[in-house]
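Look for subunit A in each of the two complexes below; its partner is subunit B in the first and subunit C in the second.
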Partner chain A sequence: MKHLLLGEDDPMLASLLKYKLEKAGYRVSTAEDGRQVKKSLADNSIDMIITDIMMPYFSGMELVDFVRNILRSDLPILLISSASNEENILKAFSLGADDFISKPVSPSELQVRIARVMGKIRNPDAIN
Partner chain B sequence: MDSIPQIHTNLLWDLALLFGVISLAYFTSIFVLRMINRRKVAEMTYFRKEWAEAISHIVFHSNEDPVEEQKAYLRLKVKIRADLARPYFRKLLSEMLLDLHKDLEGHSADTVRQLFRDLQLHHDCYDKLKSMRWPRISQGIHELTQMQVLEAYFPITRFLNDRRSIIRKQSELAIVELQTEGINYFLNTTRSAISQWQQLKMIELLEQKTDYQPPAFKQWLLSSHTDTVLFALRLILHFQQNDGKKSIIELSKHIDFRVRHEALRCIRDFGFEDALPLLEKLFKGCDLDLKLDILDTFGQLGSTEDIEFLENCAAQSKDFLIASKALAAINQIEPDRVLPSVNLESVKLSYANEMPQWADDRQSFEVAEVSFYEEVEFPVKTRKPLKSKEAKPEEPLEPNFELNLLDGDLEDQVEEQLGVVHTVKPLEESSAQEEDYKLFYQRLDLEERRNFIRNFSYLGNPRELELLEYIVEFETDDETQFQAFQLLKSIQADTRAATARVVEEVHESEHSIFYQLIEFTPDNDLKKNLIQEAGAIGDRKEIAFLKPFLTNEDKLISKLASRAVERIEARLLEVSEEDEYAWRLQILAKYSQEAQAISAPEEDFEVSGFDFQFDLNDFALNNEASPKNGV
Partner chain C sequence: MVEQLGGCLVVESKIGEGSTFSVILPYAKKASVAVELTPPAVKEEKPGVTSFKGKNILLIEDDFLQQRWLQHRLKETGAITQTTYTAQQGLDALLDKNYDLVILDCKLPDFSAWEFLSRYQHYPQQEQPQFIVCSAQWTKESQEKAVQHGIQFTLEKPFAGTELLETIQRALNNDPKPPQKRLVDLSGLLQECQGNLDLLDELADLFKQNILEFLGQCRIHLQASNAQGVSFAAHKVKSSLLMIQAAELHALCDQLDESAKENESLTYLESLYSHFLEAYPATERALEWEIAHLKSSN
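Moving on, here comes the complex of A and B:
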């Protein structure tokens, strides 16, 4: 079972997405802010990070930068944001995010995107 | 000692105590309020966390879930319904669902909306509508609209003409969003101004509706409410309903200029050409913006029949904007009918070595070009149609022996048509010096006159053309007259050829592809590149094109042009040498047994040590081409 780390400061939305993804067969851990996400990364069993860009203490962008440049990890990252302007999207991808979804979120769409990103990871040729 | 003021220390102590108590009360109240708020937030967070999973369960519930989950779902529903009796719970649950709805879309959002209605939470919103405070009413309308409570349509309609603008605007959007026929009701009943932003929002809402069939908005063109008419026109334009032609044209007479502008937009977009006569009549009474709008309409829809009106507008209007717009409209109808004529830089050029300096933009270049053709004085007379003397029998255009066969006027016209150059003035206007020459010639005897003509053929020049004409006309000796005539013809032909060469040289430059490219080139760097490219690939045309740049003010440009000309000339020379070389080989192959094996030159063909010049000369001396030997 794939282990997802969901960083979302709104507990209601986090719970809803967690419920949906668990129903889809993933194991989901949640984190309320950036610090918690960072802490949770110590757990090596995480297969993918899904995080909101606007998070307390540690933004989603900073998290991507941290994972790619400090941890030097290829862990797939999907960003969620209500600020879906072009600049944000381009910055997210340039930092190394694998996908981007804007709020309002369709949980079904999120599920498909996660599956797509995970599918790419399964295929080692698709990385880089 | 008496002047020292007495300090009431008791009073000071009392004041200090008072301020201390006030401060304590202030900080205590802040502390208590913060504690209460924090407790509320904590309670709410706890509540949200507690209920988040339950709501998620409800939102993503399906009948195919396992039995255990089905049972849990039912238990949750029962629990929620039991707790709904508590107002605090209702309020929190309502807020949770509204917040969650903002972050969701698709099926999940529909489910949240459905849950909101199922739990009867929209009744709390209805209560808000009854409030006396406008923020609560506005919030109630917003929540009902957000949760798509269709039954709220009628309660909200009563706020449509509310005096409080925020409630009114909120209700307008709600009415349009909640029901398909909401826009009809709105247009029928609104009596307030509709802001542009509000119009855009409503159009956006209509666009978002699935399978929306817009009503015929032309019915609201008859409304007495100006804003309704204006909005109806915008809706007509947006939904491209062009069946209200007559009404729209009539509205171009509306007293409100905003309506007129919108009607004109519709007229332009739908191509209602029938409106033009009316617009022509309305033109005088309009303000500047409307006049420009009308002229724009003429430009787009007008025909050549409207050009007269536009020309009158341009001529009569003192306003520069209107005049230029009218001229632009004329050009829109008939391109290039009007060309720029004011504020043009005068560019004088002599055809030999000057060309217009390339302007930095297209417009000014066109202007320079026009000036160029107008102001260059070529020694060629402009061709004019022959005057009404066409009834006269046509004389041969090429003058023969008897030049005087052509009578004065016709001769002039023929010469004009032929482009004959008169570098000397007519006889009757000739100078005293020329008259002296004639007198001198008349005094000569026959032998001297023959010598004079012979010398003239060596030393004469075009300036003496008039004298030659005189000799041809009045010489009695046939032989001398013939020689003079031959000489005259020869000089005239040379002059014509020289003139043609000059004209051709000026025009030849335009045949170059670089002429067109450089015409639209605004910056010097690109021009320099083009000049270099012309040198790299150009031929004779490019030499003509490059010549004007040789005298360019920019030294680098003139240097580049000079280098480019040298490159082209060197290449042309190479080409001609190659041609000659090929020709020699052809000749040799034909007449020389040894040369038969020689084919066309290849790249690695070595010519050193093989004197073609010698061979050819030798060959040419002995073998002249003639029909006998087949050349």
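Moving on, here comes the complex of A and C:
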């Protein structure tokens, strides 16, 4: 079972996404701010990070930079951002983010994007 | 003797604490069980005033001030009102006569509106009147009870005369939805929850927490003249508002977010914040209503 780290400071959205992703067969750990996301990365079982770009203490952008340039990891990263945040999205891509989804987040769209980033889109059963 | 005077005796007793005996007597002389107030035949209702002419309305309310105000407002509409002070007198009045509408207070001296409605179900009925239940505080539990008893119309005290008349109008027309005023829409979120009402309930609680956090943060940032902080807080809460399709509040937050980014005056940001504060309680009530309705229909 693939292990996702979900960084989202809105508990309502985090709760809904966790429910949907667990139903879809993922193991989901949540973190409510950037510091917690960073701390959770010590867990080597994490297969992908999904995080809001605007997080308290440590932004999604700083996280991408940290993962790619400090940890030197190619762990897939999907950012959640508002559509109006184009400048940040482009910057995040240039830093090495793999994909983004805009708010309001459609859980179904998120699942497709996760599977695509993981390269499993042609065989969704493989996520397990 | 109390009963002969059209009143009632209420006893509240607690083991080890003692008993309280309350005697409630109406001001007016007892006619039947209820006190009838028929508008004078010669007096026409004022032009431009909503007309409920000839409609029989029963007011079951123990607060004399509230009673008098309701009678006054309804008299202007041409309605024929009768008032009772206790729930039992209300039940008796319903046996005596057919009413078009009953305005029922939630907390009455002898028993509650819910007990009233449970007992009324067993009464022989010809034509069922519409009910409007009034309460000073609509909690999640009381809203669920209202739905369970089939109550479609409610009022939260204190309410304005216009709200009273509009609710009566809708009740008499059997039109439960306020016109063009759907403050929340949970259909999309319910679909995302795959019909799981417990999850929806949990999300609604998280939504309320998010709003409280937004209100607190926004106030702190406004006091510190921190427009960037206001923008961040408003931006963050928008996704929660979108999830329950609270269009009006979402538009307000969007405006607050954009205005803060454009460094609009603090007074303007404060006015948007105040507007949100005023508009929010109705949205929270609508959210609770929708959930209570969804639960009752499952």
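The criterion applied here is as follows: the second predicted complex is superposed on the first by the 116 of 128 C-alpha atoms of A that agree within 3 Å, B and C clash if a C-alpha of one lies under 4 Å from a C-alpha of the other, contacts with A are read in each partner's own complex, and residues count from 1 in each chain.
The rule is simple: a residue touches a chain if its C-beta (ideal position, glycine included) is under 8 Å from a C-beta of that chain, and two chains touch if they have at least 3 such contacts.
Computed from a prediction, not measured in an experiment: that's the story for all the values here.
Q: Quick check on the superposition: with subunit A as the shared anchor, is it clash or fit for subunit B versus subunit C?
A: Once both complexes are aligned on subunit A, subunit B and subunit C clash.
Q: Does the superposition put A:V105 against subunit B (first), subunit C (second), both, or neither?
A: Touch partners of A:V105: subunit B and subunit C.
Q: Now for A:M54: first (subunit B), second (subunit C), both, or neither, which partner does it touch?
A: Touch status of A:M54: second partner only.
Q: Counting only touches as set out at the top, which of subunit B and subunit C does A:K18 meet: first, second, both, neither?
A: A:K18: touches subunit B, not subunit C.
Q: Return first, second, both or neither, reflecting whether A:I89 touches subunit B, subunit C, both chains, or no partner chain.
A: Neither partner.
Q: Where does A:M118 make contact in the superposed view: on subunit B (first), on subunit C (second), on both, or on neither?
A: neither
Q: Answer with first, second, both or neither: which of subunit B and subunit C does A:D9 touch in the superposed model?
A: second
Q: In the combined picture, which part of subunit B sits where subunit C already is, 96-104, 258-266, 384-392 or 618-626?
A: 96-104
Q: Per the definitions at the top, what is the overlap between the subunit A residues touching subunit B and those touching subunit C?
A: Common to the two interfaces on subunit A: residues 10-13, 15-16, 19-20, 23, 82, 103-105, 107.
Q: Would you tell me which residues of subunit A are touching subunit C in their complex?
A: Touching subunit C: residues 9-13, 15-16, 19-20, 23, 54, 82, 103-105, 107 of subunit A.
Q: Going by the contact rule at the top, pick out the subunit B residues touching subunit A in the complex.
A: By the definition above, subunit B touches subunit A via 45, 48-49, 52-53, 55-57, 59-60, 96, 99-100, 102-109.
Q: For a test of understanding, state which residues of subunit C touch subunit A in their complex under the given definition.
A: 189, 192-194, 196, 199, 202-203, 206-207, 209-210, 232, 235-236, 238-240, 242-243
Q: Can you check the complex and tell me which residues of subunit A touch subunit B?
A: Those in contact with subunit B are residues 10-16, 18-20, 23, 82, 103-109.
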